[in-house]
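Think of it as A, B, C, D, E, F, G and H in the order they're written, each chain with its own count starting at 1.
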Amino acid sequence: MSMNVYLSGEIHTDWRERIIDGCKAKELSFSSAVTNHAASDAAGDLLGCEENNFWRDHKSAKVNAIRTKTLIEKCDIAIIRFGDKYKQWNAAFDAGYCAAMGKPYITLHSEDIIHPLKEVDAAAMAVAENTEQVIEILEYLSRDY
Amino acid sequence: MSMNVYLSGEIHTDWRERIIDGCKAKELSFSSAVTNHAASDAAGDLLGCEENNFWRDHKSAKVNAIRTKTLIEKCDIAIIRFGDKYKQWNAAFDAGYCAAMGKPYITLHSEDIIHPLKEVDAAAMAVAENTEQVIEILEYLSRDY
Amino acid sequence: MSMNVYLSGEIHTDWRERIIDGCKAKELSFSSAVTNHAASDAAGDLLGCEENNFWRDHKSAKVNAIRTKTLIEKCDIAIIRFGDKYKQWNAAFDAGYCAAMGKPYITLHSEDIIHPLKEVDAAAMAVAENTEQVIEILEYLSRDY
Amino acid sequence: MSMNVYLSGEIHTDWRERIIDGCKAKELSFSSAVTNHAASDAAGDLLGCEENNFWRDHKSAKVNAIRTKTLIEKCDIAIIRFGDKYKQWNAAFDAGYCAAMGKPYITLHSEDIIHPLKEVDAAAMAVAENTEQVIEILEYLSRDY
Amino acid sequence: MSMNVYLSGEIHTDWRERIIDGCKAKELSFSSAVTNHAASDAAGDLLGCEENNFWRDHKSAKVNAIRTKTLIEKCDIAIIRFGDKYKQWNAAFDAGYCAAMGKPYITLHSEDIIHPLKEVDAAAMAVAENTEQVIEILEYLSRDY
Amino acid sequence: MSMNVYLSGEIHTDWRERIIDGCKAKELSFSSAVTNHAASDAAGDLLGCEENNFWRDHKSAKVNAIRTKTLIEKCDIAIIRFGDKYKQWNAAFDAGYCAAMGKPYITLHSEDIIHPLKEVDAAAMAVAENTEQVIEILEYLSRDY
Amino acid sequence: MSMNVYLSGEIHTDWRERIIDGCKAKELSFSSAVTNHAASDAAGDLLGCEENNFWRDHKSAKVNAIRTKTLIEKCDIAIIRFGDKYKQWNAAFDAGYCAAMGKPYITLHSEDIIHPLKEVDAAAMAVAENTEQVIEILEYLSRDY
Amino acid sequence: MSMNVYLSGEIHTDWRERIIDGCKAKELSFSSAVTNHAASDAAGDLLGCEENNFWRDHKSAKVNAIRTKTLIEKCDIAIIRFGDKYKQWNAAFDAGYCAAMGKPYITLHSEDIIHPLKEVDAAAMAVAENTEQVIEILEYLSRDY
């Protein structure tokens, strides 16, 4: 089964590269939001700079949402990664977006945040603790029957 | 315009009561997840207790999701509250769920978390800082034209 | 047949009142955006004032969109009025919104703007020139078979 | 990210060509309504001529709507251009159509029509003033993550 | 089970009255297109008379479609009647409309037109030969379990 | 929260009555397929008897599907009961139907059929072993927040 | 614009071949139901013969519906042809199916059946009298802008 | 007509291979759940082993559902096979899932289980008794018109 995999969440570690490099199945392709933090925060500046920080964030977030919304709608499955820093509300937002669209997703996070993520995990199709598990699941799903 | 308002998020302050008490328009009705923290965490125990904490959380979260999913689908608008404690990923998850369904929502949070909430705010129809503003908007929306 | 009628467009003449007053069928109910021009433009000010006019308009328009989107989704038919002044892009926007949702609408405008409105009229179920015609159509549609 | 971009609105300036020529990313493809004004107005004549101007416009507009509706549904993003002449209700109609379908769009117009376009801009994902900005946004969105 | 029943098709016999009068279950309600042939054909005249018969028919049919489309979308089940006269393409059109929407329908026609109606019957949930059978089915469906 | 509960599956024990009698919350209402086995099997006979058993079953099943499909679409939650006799493929079919529609359901079955029901349980929001548990969950879900 | 064109209706004249042969645009592709009348009527016999004509028709019509439903859902536009013989309820059924799905269609029929086809034509995007007109419209729609 | 065929149900006989080998039409492609019984049951173990059998089954079933749900949504038609052993509730579940999505399916089973499968067969587009019939139907459906 060919699958397009959307990689959502944490941008400060190399989890995306590890999954992409680890997957050998040619049936798998990957997509993602723009993960360059500075470029992402400045996306709206292309349309003129804002003095007010709220509106600067607002403009950039809407430009980036064009990409994330389109990629989520086109993917077959999303991997949603919660790291150990920052609020990461955008990752939980993507999970809710997937859930409402009936798009299957797998969460990827360590054991110590199981309780606060229970609603997000409850709507997931699988919960992984490390990238090796994600790779194994993706390879399993994409193999011939 | 009559409106059913779903109140999502923080359960440790009285923001729900303040909005409900503050709204005088008879066209407004309100709904919410079960906000009794202990009862909510124990919802799955009704179906038999689990030794493993992950599965206890999982069962409870799925039982609660029956209610939240149904209420979100039935509401006309959601108010999504982010407080100053805890991870609150379920609130961001509800926001994403609303966004994907085309259900309008208003976020309610203080100014200091504008940046981490930028993706959630970008898909919101309005961003409020206090319950008085929410009440004013709801009253404005529900008045005769 | 009972019908909820959404009245969209021009806010500077009394066409809404004439239709509502002219319809005698008790099966008909009516709804509308907030038509008080000043209140509508200031809707976003309830959430804090903006110095930049673009963002003031933006905030107000999004608050008002909560109401218009909800009412369009709840209506059975929309009447979309184009007067002889102003740009009235919001009326054409509502027409496109109805068309995409499969919501039937009737346009109401004078003969001299037939050509520029051809795309809007092409997706309409009927084109009326005056409120008397709209009233007759609504009464016809709502009668017993 | 590959993206199909639908170019809607003004047909009297070369804004389409400037965007298409300016975009270097091979992931971008473009589509549009028939922009030959005379051919577009005469589209219905292929099915027999009409004496009545209303019906001539009606027939042509419906034939053209086959194309525009199909292209909007197939696009990933629409650019909606408002120039400084004519009513351009069809552009606002396309914007409403996109909004109802959840199709992201960027408006392109000068600063002096911000107020009358506030409802159309409120549902847009971005607002640009010139084609250079549109090109930058499209290049940004289509780059690798 | 309460059910709203839409009665589509033939307008030259009293089959509608016989079904409505025959159904005793208070859970059943009925709706229909305007069945006054002259009024239905003249529906568009309310918006100004047309010299060209095609456009007169076109205007009237679109006005009537506001009603039929709305009632089909609101019904729980449609009864689609084919009599022994006329083309009755509108009845087959309604059947296709129901099929695409997943709205269940029962066809009502005599045995001698089974072959030409095979595609319409194939998508029906039941095929009845007389109004007594329709009444029995409706009563059966609406009873307590 | 008011909830309409659809009771699907086994018709040879009194589990429906026990749930209905056990639920005290006035916010709960219940619906079900026709559970009279003989009447259900004979539903199609109302439209003329069939000699061939396959077609008799086919006609009856389609008549009954009008009711079950409509009730599932109208319910807020389904309880799907698997007893210890018969094939009960219709119960599993209802579960799949609910899953595809995003309608939450709770399965009700004894522990010894956990393995063959794993796909059906995996898409359920909760798994109950007895009617007391179902009653507790429904009461919990329908209470005030 | 590339377009997949579904050709529905009359199977006793060569209108399909004339349209396919007449269209030179490489952007156009065509599909159709099985138009071999005998094979189409016998489609269900592959699953075992039926003595009862109703059920033979029923089985064949359902097998053929797999193909027609799939092709209609995949097409960009349908041409629906009404000839001068037979009931052709399947053509009107396809038109209703397209209408409910928002799939644009063009009817193709002679002037003398305008009145009985008024509901079908009212939901069409264009009405053609001959295959030359259909070819011209398809070539027009598929050209570069 | 090219068709993607999803093969659901029984995994203990070679019916899949017989259909795939028997179909000569190059327009046909096939997909399936993972049919290696042991691998399928152990799918969830990739994410960590469970002591409790219910949760082991649960985890594996959800991982497998990622694949089955995706393949059903991508297929044009499903063949759903009921053998003579085991409960096979997953096959009936897939049928219900297809029915709710409007995805056509053909059941494949012997004559002796016609009665318990009547609800599943009633929503099918065809009922086959052996793989030869399925092959003939698929070849018929995929041929040129």
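Rule of thumb we're sticking to: contacts are C-beta pairs under 8 Å (C-beta built on N, C-alpha and C of every residue); 3 or more make two chains touch, one makes a residue touch a chain.
Just so it is clear, the structure is predicted and the values come from calculations on it, not from any experiment.
A repeat of the D-G interface exists among A-B, F-H or C-E; more than half of the contact pairs are identical by residue number at C-E.
Each chain gets a centre from the mean of its Cα atoms; the one farthest from the centre of chain B is G. Note on chain placement: the centre of chain D and the centre of chain F lie 49 Å apart, centres being C-alpha means. Inter-chain spacing, taken between the CA centroids of chain D and chain H, is 44 Å. With centres defined as mean CA coordinates, chain D is found 37 Å away from chain B. Between chain A and chain C, the centres computed from C-alpha atoms are 40 Å apart. Residues of chain C in contact with at least two other chains: 62, 65, 102, 127. Looking at the complex, you find that chain F touches chain E at residues 16, 31-36, 39, 43-44, 46-48, 59, 62-63, 65-67, 69-71. Those residues of chain A that touch chain H in the shared complex are 1, 3, 76-77, 104, 106, 125-129, 133, 136-137, 140-141, 143, 145. For chain E in complex with chain G, the touching residues are 53-54, 57-58, 60-62, 64-65, 68, 82, 86-101, 113-123, 127.
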